[in-house]
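Each remark here refers to the structure printed beneath this line.
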Amino acid sequence: MSALPREWREEAAAVEAVVMVSTEPIPPQLLAELLEVTTERIEELCDAIGASYEEEERGFELVLVAGGYRFQSHPAYSGYVERFILDDQPTRLSPAALETLAIVAYKQPISRAQIAQIRGVNADGVMRLLVQRGYVESVGRDDGPGQAILFGTSQHFLERLGLRSLADLPPLEAFVPDVSTVELLEQALRPGPEV
Amino acid sequence: MTYEVHLDVFDGPFNLLLQLISAEEVDLYAVSLSRIVDVFLVELHKIEELDLELATEFLLIAATLVDLKCRRLLPGSEGVDLDEDLALFEARDYLLARLVECKTFTSAAAALLECESRAERSSPRRQGPDDRFDSVAPDLLAGVTKEMLAGAARRAFADRPVPVIATAHLHGDEITVADTLDLLVGLLPTRPRITLGQLLRDDHSTPRFVATFLALLELYKREMIDLEQQENFADLVIRWTAHEGSYAIDDVESYDDMAPMSKR
Amino acid sequence: MSALPREWREEAAAVEAVVMVSTEPIPPQLLAELLEVTTERIEELCDAIGASYEEEERGFELVLVAGGYRFQSHPAYSGYVERFILDDQPTRLSPAALETLAIVAYKQPISRAQIAQIRGVNADGVMRLLVQRGYVESVGRDDGPGQAILFGTSQHFLERLGLRSLADLPPLEAFVPDVSTVELLEQALRPGPEV
């Protein structure tokens, strides 16, 4: 309790909420902007928040990493986390996940919605996995009204596949043009002999 | 090729009837006969392409309403055909049951929306393990070559949207091309060579034939099968040529299974 | 502090560490396996952890959603979070899509034809949208002659609606119009002047 004075709680909770949902470390400047306080105040708050977790022996910590704040599991419990990762994480990409990765590789930059449109199904879960494993990363935002996040493949992806650059990806030959579907349809509907 | 109605415009005949009744403050008979018909006709016109099923449903409701209203205007009930009366009561009960059902789900939908709005006020943490654990997580791309990736891309870009052709007006509501496609994608990989005749052996009704044929065309277009006919009128030979095991056309395979947290 | 007894802290911290690194809700069974305790114990721990956050007015909560535990931002701080995540919030479902979703949710497993029958309209377009959005997925096939695909709601549906499980859905009975409404509807459809 001592670590986090009562009158700081409101601001501290706002910091916690935002850092909790972020997928990347958040720079203190950004937090300061959101809360409309100074960067120094953010640092003060985060120090106090971190100390309160320590004091309560929580399983996570609030740390400053790569210029930003993030939650991560406490090192004391790495054993559980490692077991969890080994136990439960997939060991190879499913065909559907590979397809999603292929779409990103060939169509980057691309948004989640565009991927879903190509795949015909929501790809959020798969995308989270690909991002989390570092094969895919956000590369910017769409100019459109939704400002959707755009994704592309990472350096790590190129290395893993042994590619020097994206230009190294095998070309996709053009698809055979549609058979004249209408014609065939007509034939099918024409009363014909025994099938 | 898709044959569907733009559903944003209206919510179907029962919703419309419900709205109509509510808007007219429940007394349908205060409204003129022509207005009832007009409203339904206006909705019918909003349908850009003709959907036989939907049009029929609209007409049926409109006709029943007109019929009900006529009865109400007729004095007394002498000399009325008993069978016809019963049929009318049946139609009325049917409409009533549908209205109640429709109202129930409209309310349920509102409740779901409320759940969603409440849930939206919280965002889940999605960050995952930090980089310290990178070495623990197995490399998912182990054994994957760039050729495999290209193959996956070809599959992904093969024209996805499945044309759903309502064959319902031909044969109940049972056989659709979408369903047939799924059936074939399950079956064909296990039978590398099969003929159309064999596919239709158990059911060679016209709707089944049409649905199967259209589904085969779709698969052909996606380069998942080869079609061959030795001579005119010979049985069509189907060969499964798509690579790798099975993948659902509808892509309704649960993506949850491949998310980092598999369900247990 | 009262919410989380001192001697529970070790186990509680292990739970916190693992849930913190998971990208999807973690089923209590999995946590139980990792910690080598019973599922009941996990539930007890998570309740206590959640209560301790509440007590301390943290900016996040530990909740049971879609059959698993996850961290999420506290709704009280949605304002900050929304300003931070100008993300691809999927566009709202249309009334028609919502109603179809309700039908699937309450009547699952259900075929396209059965949905169309209830709605009085062909539901193919809406269903494709719901599948694409990941709310609905195929769960099997009808035994009948057409072997129609049967649909049900997905894990994603539960997550989006913040439901623990399908049992968490408000009971359908609650939405059946009351007697007086039905009577009014009935009156509107009454054929004769006086029946």
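Chains: A, B and C, in written order; residue numbering restarts at 1 for each.
Rule of thumb we're sticking to: contacts are C-beta pairs under 8 Å (C-beta built on N, C-alpha and C of every residue); 3 or more make two chains touch, one makes a residue touch a chain.
A quick note: this is a predicted structure, and the numbers were derived from the prediction, not measured.
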item	value
Farthest-lying chain, centroid of Cα atoms versus that of chain A	B
Inter-chain pair with the most contacting C-beta pairs	B-C
Mean-CA-position distance for chain C and chain A (Å)	22
Centroid spacing, where centroids are CA-atom means, of chain A and chain B in whole angstrom	32
Per-residue overlap in chain B, given as positions that touch at least 2 other chains	123-130, 133, 162, 250-252, 255-256, 259-261
Multi-partner residues of chain A (each touching 2 or more other chains)	20-22, 71-73, 78, 81, 85, 88, 120-122, 124-125, 128-129, 132
Footprint of chain B on chain C - complex, ascending	20-27, 29-30, 60-61, 63, 65, 67-68, 70-75, 78, 81, 85, 89, 93-99, 101-103, 105-106, 112-113, 116-122, 124-126, 128, 131, 134, 137-138, 144-149, 154-156, 159-163, 170, 172, 174-177, 181-182, 184-193
Complex contacts: residues of chain A adjacent to chain C	1, 4, 9-10, 12-18, 20-22, 26, 30, 34-35, 52, 56-60, 71-74, 76-78, 80-81, 83-85, 87-88, 111-113, 116-117, 120-122, 124-125, 128-129, 132, 146-149
In the complex with chain C, residue positions of chain B that touch it	4-8, 11-15, 21, 26-28, 51, 53-54, 57, 67-68, 71-72, 77, 88-89, 92, 95-96, 98-113, 115-116, 118-130, 133, 162, 164, 166, 168, 172-176, 178-179, 182-183, 203, 248, 250-252, 254-256, 259-261, 263-264
Residues of chain B touching chain A in the complex	1, 123-130, 132-134, 136-150, 152-162, 196-197, 200, 204, 209-210, 213-214, 217, 220-221, 223, 233, 235, 244-245, 247, 250-253, 255-262
